[in-house]
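So, here's a batch of structures to check.
Next come two complexes, and both contain subunit A; in the first it sits with subunit B, in the second with subunit C.
Right after this comes the complex of A and B.
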């Protein structure tokens, strides 16, 4: 089960993922990201500090947006990954395809720098 | 059925014979009397024959009317009426013939008059018995034990009277009077059973009244005819037996008449209220329709339509609409004699006046809303009644009923429509649950297929070599994953091995897995080095995989001659390698991204290949994340450390034993046979062979 909270700060859309993302709940993550991009946000932060587990299907969701966001000039930064989740990212080699930061302030700094 | 028909004929025949004997014996006695002779036949014969006639006819009607289940109330009255009609027509025809004969000698003959009298009497008795049997059915329509007992007593009483009449023993006046009174009381008690009247609808009531009036007419006609004729004949002969004076005939006549009068009065007084009863009946039927609509109809729409129709007809609304919150933001409207524009105008008017009650179940919202309606211009409706329709406590729509009259809805109407709305809510909820269950069933079926596909994609036999032994195990959870392992001999000293995990679950995963298998089997034959294999596999897969899907894999080429393992890890769980020389095990965490992630040709920059040398006794454990991520009841993961420890415990054993030990450990750890992900492992143990 997953719950995704959205809040906007300084033109940045922050999606906080709470819970676990598996094959079935990845659909909700996909929809939320698509909605955020569809509303015209150019800066999207993913708060993973309450993300307990992510399956390969969940990672696939992040991956599927890489190209699309590159084309549209949308930036997405993940932050606050727990060790276990970060490990999943790194095993699959996603860690260097995505922008990942330790905490929110770093993530904000990075996304603002990227968007210039 | 045939037996019943035969019995009906038999009883009728019996009645006819009894009557013929009755007529002849009666005439003979009468003739003897007139001539002053002593009759050759016993005087009791006509009376006994009359009894037989009555009893035969009683059974005839019992079989014909009482046993026929198909008759409804008006049919019963119709039967009585029809019998009466036939009897009357025959009687009138005889009268007409007599009239044609005029005042001839023949016509005034006593014997001839007696025959006419006997015919009329037989017709009257036949008609009375038909009525008696029909009334019996009506009276016993809603029977109780007591009612049946009383009826049996009544029938028995009538039989006694019949026998008493015929044996010609004159008891004291008091006894016969008591008997008459008793029968009369029972008849009146029985006549009070009028429940069937309530079930007649308005039209049927009118029909019944008409039929009853005609029945009265027959009764009056026959009564007049028979009494007059018997009076005439008894003047001419003393031997004439006036059957109409019998207690039985009188009792039967009185009973039929009493019940007819009662019925007539009850139906007449029930006429004004019959519409209410019909209304109630219709409500019940509508209620049933709503609750059964799910079984018979196929969609929610029909439930809404039935709800709308039923509510309108139950409260005599002039117009109505049903607003259902659709899947999107647009509500759907179902209209009844109102157009969408007008409905919206009324709704907006109520909304703008900030009227609560449309959406909550207040007790007297009728008044409130109607008051507000009077303030609305341009609308002919002066009353509105609104109900929420809830499914699982969530309001999914509103039912609004309109009337042109002010204060047009009463409490009773509110109650019934409220019940309708609730029932509709339940029906819709059931419908949705059913739909859900159906979807689930289909999903499960699909999973079953996917699971079979996945199973069939895994190799039945693995390549074997003198240099190493391989054991593999794969068990999938209910939700099919996409774990894949395989081996293929490239040449006499090289074997390619793969372990892969497709992202996602279900049919898509099984489908992607089959693609991976195809790629493995076609590419490995061309003896690529591990890195090249991955680059080409990635290139092939980026056009095949669904958006967001990818495959993690590790590809090995084991060279038995050189005792070397070349491998490349594309985002798959790092392989666990036990080295007999150091006595330790470690994970080979080389860099590499999963297949299908990089959609460009520069995937070669994202994958590394490595080569290690093996010695006999080394062990390689290939696995998927289902093993390291297996959870126990506390939610803790099995983890890579425990996997490593488990391997060290059995490092001396064969690959098959190691695999069995590992799987046992996993089940022990998770504490159940239920697994939440796929467990897949392939274990390669190296040994001394002759190839080196």
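Right after this comes the complex of A and C.
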């Protein structure tokens, strides 16, 4: 139901979420983010361009890393959200709590600026 | 039109619920964003019920009914015989607390209340009915 691809560019770990994240599949997102941080990546980009759906379980995963990442100096930026997916984030006001960019180049620019 | 879908209480069945709603509302005049909101609200309600009232026992069944009139409000009913999980009596934590406590829950109810215009509970033939109404123009 969900597939998450990882690739690394210039020290940035890019997690591309493909498919739908709900209460049954959010664990995969959680494990993948934990793995990336566990491997020592300080810059994590979440490519949402192929994310078709996310429910509160998936949103909760992103929220759960906010404090931990702040403590550890890890930055996470999401990009490429489809309108319907971006709407889910904005209903809850999460756009203010998470770093969200329109596209990959903006997201890279932001995460490099945040990491200085 | 009236559509019905019966589901065992397993989180693996949420995908089937979403597809059923999308299929039922096909041809109805809703935008992609509103369609996604509706799918989201019902997904959240069903997963809440599966987890909190039925402990994800796949032998416990939920019925989802969708009433799609030619014009007017969409009505969704989730019928079960478990304990009532009334979101109107649930105070969702605020976002700051969720971040502080690293909790991975509580957001779903906030979503449902934002998306749906009315959420009410009734009893019918010994079963619990959660009725959600979405106004559409």
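By our rule, the second predicted complex is superposed on the first by the 116 of 116 C-alpha atoms of A that agree within 3 Å, B and C clash if a C-alpha of one lies under 4 Å from a C-alpha of the other, contacts with A are read in each partner's own complex, and residues count from 1 in each chain.
In this section, contacts are C-beta pairs under 8 Å (C-beta built on N, C-alpha and C of every residue); 3 or more make two chains touch, one makes a residue touch a chain.
If you're wondering where the values come from, they're calculated on a predicted model, not measured in any experiment.
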Larger contact residue set on subunit A - subunit B or subunit C: C
Contacts of A:71 with subunit B and subunit C, given as first, second, both or neither: neither
Partner chain(s) touched by A:10 [first = subunit B, second = subunit C, both, neither]: neither
Contact residues of subunit A, present in both the subunit B and the subunit C interface: 23-24, 26, 53, 55-57, 59-61, 63-64, 67, 84, 88, 91-94, 97
Complex contacts: residues of subunit A adjacent to subunit B: 23-24, 26, 30, 53, 55-57, 59-61, 63-64, 67, 84, 88, 91-94, 97
In the complex, subunit C residues that touch subunit A: 11-12, 14-15, 18, 32-33, 35-37, 39-40, 43-44, 47, 51, 95, 98-100, 102-108, 110-111, 114-115
Subunit A residues within the subunit C interface of the complex: 1, 20, 22-24, 26, 53, 55-57, 59-61, 63-64, 66-68, 83-85, 87-88, 91-94, 97
Subunit A-touching residues of subunit B, taken from the complex the two chains share: 479, 501-506, 547-550, 552, 570-574, 591-594, 597-599, 606, 625, 629, 637
